[in-house]
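Naming follows writing order (A, B, C and D), and every chain is counted from residue 1.
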Amino acid sequence: MGKVYTYDEVSQHRSEDSCWVILYGNVYDVTKFVPEHPGGAKIILQLAGQDATEEYDPIHPPGILEETLAPECKLGTFDASTLPSVEKSPVDEDKVDEEAIMPLDHCLNMDDIEAVATKKMSKKAWAYYFSAADDLRSKALNNTVYSDILLRPRVFVDITKCDTSTTILGNKVNIPLFVSPAAMARLGHPDGEHGIAKACNTFGACQIISNNASQTPEQILEGAPADQVFGWQLYVQNDRKKSEDMLVRINALKQIKFIVLTLDAPVPGKREHDEREGKNVGANLPIRSAHQQGSSSTTSPDPKKGGNSGSGSVASAMFAGTAGDLTWKTTLPWLAKHTKLPIVLKGLQTHEDAYIASLYAPQVQGILLSNHGGRAADTAPPSIHTLIEIRKYCPEVFDKIEVWVDGGIKRGTDVVKALCLGAKAVGMGRNALFGLGAGGTEGVERVYEILKAEIETTMRLLAVERVEDLGPQHVNARAVERDVYDGPAGLEKLGMWLKAKL
Amino acid sequence: MGKVYTYDEVSQHRSEDSCWVILYGNVYDVTKFVPEHPGGAKIILQLAGQDATEEYDPIHPPGILEETLAPECKLGTFDASTLPSVEKSPVDEDKVDEEAIMPLDHCLNMDDIEAVATKKMSKKAWAYYFSAADDLRSKALNNTVYSDILLRPRVFVDITKCDTSTTILGNKVNIPLFVSPAAMARLGHPDGEHGIAKACNTFGACQIISNNASQTPEQILEGAPADQVFGWQLYVQNDRKKSEDMLVRINALKQIKFIVLTLDAPVPGKREHDEREGKNVGANLPIRSAHQQGSSSTTSPDPKKGGNSGSGSVASAMFAGTAGDLTWKTTLPWLAKHTKLPIVLKGLQTHEDAYIASLYAPQVQGILLSNHGGRAADTAPPSIHTLIEIRKYCPEVFDKIEVWVDGGIKRGTDVVKALCLGAKAVGMGRNALFGLGAGGTEGVERVYEILKAEIETTMRLLAVERVEDLGPQHVNARAVERDVYDGPAGLEKLGMWLKAKL
Amino acid sequence: MGKVYTYDEVSQHRSEDSCWVILYGNVYDVTKFVPEHPGGAKIILQLAGQDATEEYDPIHPPGILEETLAPECKLGTFDASTLPSVEKSPVDEDKVDEEAIMPLDHCLNMDDIEAVATKKMSKKAWAYYFSAADDLRSKALNNTVYSDILLRPRVFVDITKCDTSTTILGNKVNIPLFVSPAAMARLGHPDGEHGIAKACNTFGACQIISNNASQTPEQILEGAPADQVFGWQLYVQNDRKKSEDMLVRINALKQIKFIVLTLDAPVPGKREHDEREGKNVGANLPIRSAHQQGSSSTTSPDPKKGGNSGSGSVASAMFAGTAGDLTWKTTLPWLAKHTKLPIVLKGLQTHEDAYIASLYAPQVQGILLSNHGGRAADTAPPSIHTLIEIRKYCPEVFDKIEVWVDGGIKRGTDVVKALCLGAKAVGMGRNALFGLGAGGTEGVERVYEILKAEIETTMRLLAVERVEDLGPQHVNARAVERDVYDGPAGLEKLGMWLKAKL
Amino acid sequence: MGKVYTYDEVSQHRSEDSCWVILYGNVYDVTKFVPEHPGGAKIILQLAGQDATEEYDPIHPPGILEETLAPECKLGTFDASTLPSVEKSPVDEDKVDEEAIMPLDHCLNMDDIEAVATKKMSKKAWAYYFSAADDLRSKALNNTVYSDILLRPRVFVDITKCDTSTTILGNKVNIPLFVSPAAMARLGHPDGEHGIAKACNTFGACQIISNNASQTPEQILEGAPADQVFGWQLYVQNDRKKSEDMLVRINALKQIKFIVLTLDAPVPGKREHDEREGKNVGANLPIRSAHQQGSSSTTSPDPKKGGNSGSGSVASAMFAGTAGDLTWKTTLPWLAKHTKLPIVLKGLQTHEDAYIASLYAPQVQGILLSNHGGRAADTAPPSIHTLIEIRKYCPEVFDKIEVWVDGGIKRGTDVVKALCLGAKAVGMGRNALFGLGAGGTEGVERVYEILKAEIETTMRLLAVERVEDLGPQHVNARAVERDVYDGPAGLEKLGMWLKAKL
């Protein structure tokens, strides 16, 4: 461990046969790990023999290095003075012109926030946050569906008071707008998920921590008061033991009030912006998309496949190891053994699945309708469709479990419309990430400040004082309703299915 | 009072502790008033120690200075010769190229008028007139909804005669197109609201004077014949006494035939164009939007709030002091005590509220369906929606009170379509303001000249001689009807509500 | 008469008090005629004292000069050698670059034809042909409505034969596509209406001659075989005698098989392109639009009106003198007295009027559904709407009279769709005019050549051999049907109306 | 035969009276053949007296030269050294910049593939592949109709396995996505149809060989294993003997499992891109479109027609000789005499024709719903419309014959949606051609690689393991259903028709 390596020594080891990297001033031999790397071998080999810290840091939570590598892999420390002097690239034209960027206080809406973040963040972070599946149609629909719903303002009612507080699974929050699980916050800003947590504390908002957070749960919760409301997102791993170990840690954190089991992305969607950016890591290497990798088709001939090549995209790294064999029948009982926390199922997109979920109460206490921000199946329905579908086919679901939605929130009016149509709470992912990218904790606070004011204005103009008084009479969703699924309810089939499966 | 101040003396006083301003050649000490300024302290402090006349004048009616400041605040007069000589900015490129502007006579439609006004007015005036809430969707809908309604021209009928005259609450007018209350006319042109009044007189049109007019009612009515028809818009103030005093003045003006009680903007919507322009007054100061300020949430943590900071937007100044606690039960009786004039309720956006209003006849004699020009709740329905909604759910309203609409009028066909669907009269706000901006009184006259000719052509092509003969058989509104609210009428609930509230 | 005038002499007379013009080498004193000029005094005064031939010729049929002016107004001839030499403007950059224009044979569709015509014609002619009312919405709808109708091609049927011939009021034509009355053909090309007639002869097509043709009926029909099918459009004049005299001439022309009484433009719509072009004649003169002029409101205060000022637009000239007092009850009997030809009523836009028309058979033998090419009431329905409306409310009309449509035809598929939905024949106006503009008679032939080939291809792909076999089963008009008028049929009202009026 | 010709000798013969051409180093006298050339005389005369190999080769299959010309037409060989030296045009700016073209591996979707192919192919090939009828509305609809159908992803189901294999008329394929008959593959790349066949073999996909392939069936099938699945497209020729001879050859090829009888283009649609490109061959010659040529109207006066002039477009050449007199009653029995292979009818576009086809089982075993890639009748319905129409009017068709669709496939989601709505298999034409153009066999493989991965991802996100489990419950097609034909089923008429015809 005491050995000190020079750049020349390290740079010899840049092949599959011997692969070293420098991380945080230490030198590691990762040769054995290369073929197992969840993100693919290629991405490591591209950085072999070099200092990979800048690449590695923002997308890996601390501790995972020690967890993953045997102690003997740590060879020693690196003598930074041996680094070849790099002529600082004059191409600093790429450097952000801070002057030209709108200050946070001048940002009036989410588009302003995104524009600022886009200028400040790395291309890679932007591509990961921005991207969605295929042609971005679900992402686009997520936004436009709210515009198509009209408000029905009432007048001549005292609107001097306005209270945006509500409860989430019984926990008091000051605003019905939570942060949906969104991975890799440190890609956008070093404040990371902990920065989001601090902003949520300021506004009394709930945060659901991503399974793929770039900080540990303990780091994220540091300093959070006992009554701050967090959820924890679970992607079940093929290696169930890893998930079980994580649940042990989560169960110990009193601010985490519930588990969000993610079901909407058993394989990653095809996010082309993310993939195109991934290729820039090694531009002359063939791109294989994350979603191709994710497939384990029994029939694909794919003659070019071989080894564990990764696309270099952020998504491709994240999805490695995620289990695809979850079922109603087996996963919920297993989960019950490992946590007493209430379960929220994320990613339901049909009334049929919402109905089944409601049969699993009280273990399941909520569902988060979501098309994964348009990042899984393109042309999947916006969650507002699913919400209306439930109202239409099986409204009893609302009585048994909480129904939340996320996807496409840009305005306070969007939040209020979802609440009117039956959502108990509303989530946002990209807004929080772009807020973070635009200004760290302060950026996320600005996001909440803007949206809270917009929510209040909307409630006042609807002449509604409290969140629980918002109802379908406050909106005209007719332009959306005519596009919502209208086929057979499939309840008979569902009954048979349930008999067979449960 | 006799004291004469130099620029050097005045310019010492530019802080919260001592704040002087020059207005109309006089020097005032406004230190005590700063924290009470409806438009926020900031906007005054930015002009402290300077001549603020240019900023102050177009948005404050005469007399308000004396009304607001104690006599001792007027310190004396200002010696204009002590002003530092300003090198006239060569940036007079901003100066309007009068040559390039289309003459009024060449303007053929409202877009031409708006284009000319946009070139002639200050950026600030333009931003205030142009702006609407959030993403301008209601503003856009206001326009497109008329295009989606088709005319049903009839033929082989004698159309040599065409009479656009009608009555408004029993008062004869020559055209069913009135000027909706639109604030701050002098921002656009020194002719101000009085200029609009003169144009209305020429065309026998009704004008509703804004509560936030930049001239006094007496000034506006100067020279108007006794049978010219005016309404007066009332924003009830938190300080009811102010409103009562104003009603005394209004009651005395015989041309004012009715009161328009505005209900559609108990808090201002979020008008981003207006807010962005506001920031230019002090570009390095944080912007807090008018609609944030307007909120007095009981729950907002807003840690940055403090003092009475204003956004600098025109709207922020105007809404200060407006009461948010108006109710059917309390406000109408109070109003009955202070005026015998018939009441028109402005800003109704649902058939439920229209129905309730009709129960208050004969005190209430009309309702003005309006989404406040798209400036209050974005995605609020265009008034044509509400008109159709009333036809559908409670057509008896038309028998009890007059129903007017405004918002989005660009063409004579728009006016005629609204009349066909049941409106007794149709209002326009921006057209009058842009007409004023384009050419003062003459500009407003050109607006009326164009639209009157268009209305006549449309009536002739429909083979209708008189306004009262226009009916639903003359339009095909099917493309709009399918988007109109189709939910439960809520009449049962309404019954209970009425029992409880009335 | 023998007197010869010099330029200096003539150019003295350029006022209302003494107004001379040079036309076709003669000098006329038109002082008395100026106030009566249907197109307004202004347009003459602008050309006073000069040679007006170039302006006058293309929009006035021969003979009208002699008809209008007393013999003594013709003062003598003009000595052309006295014209001041004009330095030929080097601004011949405006001259058309013949090289850059697509040859007729390369034109594949109506857009190509219009593009070529637009390059070749004068700005004024283009503006007149292109323009439509207000915002051109009906014009746009006329085109898009056809795209929204889908074809239903049938297969496995022998399609070696295809016959596009049909009959129009019993007269055999080779193609169901006629030329709608379109005014002022010589504006676009010196071949004029006669050129169109020659092309129609080549293709066995029917032509309806515009009441405002730029050639006399006799000129247009010159050389036409006896069985060539013409209609003649009648705009009834306020001075009925003029119309009666014209009918005498028309009755004598054996190729004219029917009269088309135009009802859709009792006043002209507001065609802004045409009006804007009109102003260029005298750029510093105020524009009064044709449709303003057309109005004779009893209530308009219009303080600026006075004298007979014209807008200079082509439409303003044409509409002067047109009667607005036509009625079912009075006009048809009058017409019966002056012609035995069958009557086709043009411009019907509702099923109600179609139904009434059918009651006037056999005097009335056809109706031409038309919104006047979108040039009358903007947002009037496309004729396909009216056609579907008739199918829905009173299909018996099809059994009593022929129903034709025009407006927006761009493709052979458009023609076939209209025929499928019940039209007996289909008219086109702009196509013929643009064809003429693009290449005179040959241009119109190219238009017919293209469209005939498209019609045949469409019929073959529908597996239909003869025009009369096309039916509603060959199209899917569902996307249009949902926008068609769906209100009460108004038949009861209609009954009462009929009792009262007939 | 032994004679050797010089350039000077050959170049004498460039008229209709004596027309020689050089092909593959030989000199031919084609004078007699000129008037019979299916593609028109003009296109040959333009190349008369020159080496036409470059033009001739990619659009004619080998052997056709010998088949068409009498042996004596081959005059001898050409002495290439006598060719005048051509100064190599410096206009090689047209040469493709290979550097700037995205490598195949970086292509992520069909748009990338098309973009690469567009850069690599000749303008002529691009125009032929890209073009569609009239205004390309059906082509556009083919794409957008899929976007309007939403997916209904199901969750909490084990999706580790995914199997895209299925059967086509009982033959096992690994993917339900076949290559639709698409002509002239060598226009795009020398690998031609054989290259497509090799890619299909790699992915276990079915290929339907175009009747107008640029290689012989034997060449295309060279090396294909016995169980590779091919269909053969038949355009019946006016000269039935030619078709019968071809069927003899086809019957002998064991990999060809079925015949696809094409019915959707008895005459070619009007493909303007293709026609405009055709004119560049001889820019100063009049263009007569293929679809005009195809017409043999009994009534057309077309005075300019004469001789056998061709438009020079690829389509015009191909359609020559195609029979237009096919019928249910005569053609199927004839076909039964010449092949025992099952028949698939291509180009059905209504439920009526689908229903009739099902009555012809078992000779007819499938139908391919198709609007010919939007290349026949513009505004013909996308095949998804017809699929839904069959579900609605006569679902029994699905039980009797296989229903396939093609047109507009861009994404794996598109394929899956068609399967959900009842298609047994899905075809693509342009994707394969553009894949070929982008990189020959490898390009087509890349197309299959991308789409197979997308299909698998979509199936997994729908939680469906096998193709046969996809069903209507997995999609929400409501936005499309409302545009599908809704008229009378016409079954009664159909019954009469059937009685009469069968």
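Note that a contact is a pair of C-beta atoms (placed from the backbone, for glycine too) under 8 Å apart; a residue touches a chain by one contact, two chains touch by 3 or more.
A quick note: this is a predicted structure, and the numbers were derived from the prediction, not measured.
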- Task: Give me the rotation angle that lays the C-alpha atoms of subunit A onto its copy subunit D, rounded to the nearest 5 degrees.
- Result: 90
- Message: Quick check: how many Å separate the C-alpha centres of subunit C and subunit D?
- Response: 45
- Message: Could you work out how far the Cα centre of subunit B sits from that of subunit D, in whole Å?
- Response: 63
- Note on the structure: Shared-interface residues of subunit B (touching two or more other chains) are 482
- Looking only at which chains touch which, which shape fits best: line, ring, star, complete or other? ring
- By the touch definition up top, name every chain pair that qualifies. A-B, A-D, B-C, C-D
- Can you check the complex and tell me which residues of subunit C touch subunit D? 103, 105-106, 108-109, 147, 149-165, 174, 202-204, 411, 413, 449, 452-454, 456-458, 460-462, 472-473, 476, 478-479, 482
- Item | Interface residues, subunit A side, partner subunit D - complex | 134-135, 137, 263-264, 266-267, 269-270, 272, 275-276, 279, 286-287, 289, 291-292, 294-303, 324-328, 331, 345, 347-350, 352-353, 356, 371, 376-381, 385, 482-488, 490, 493
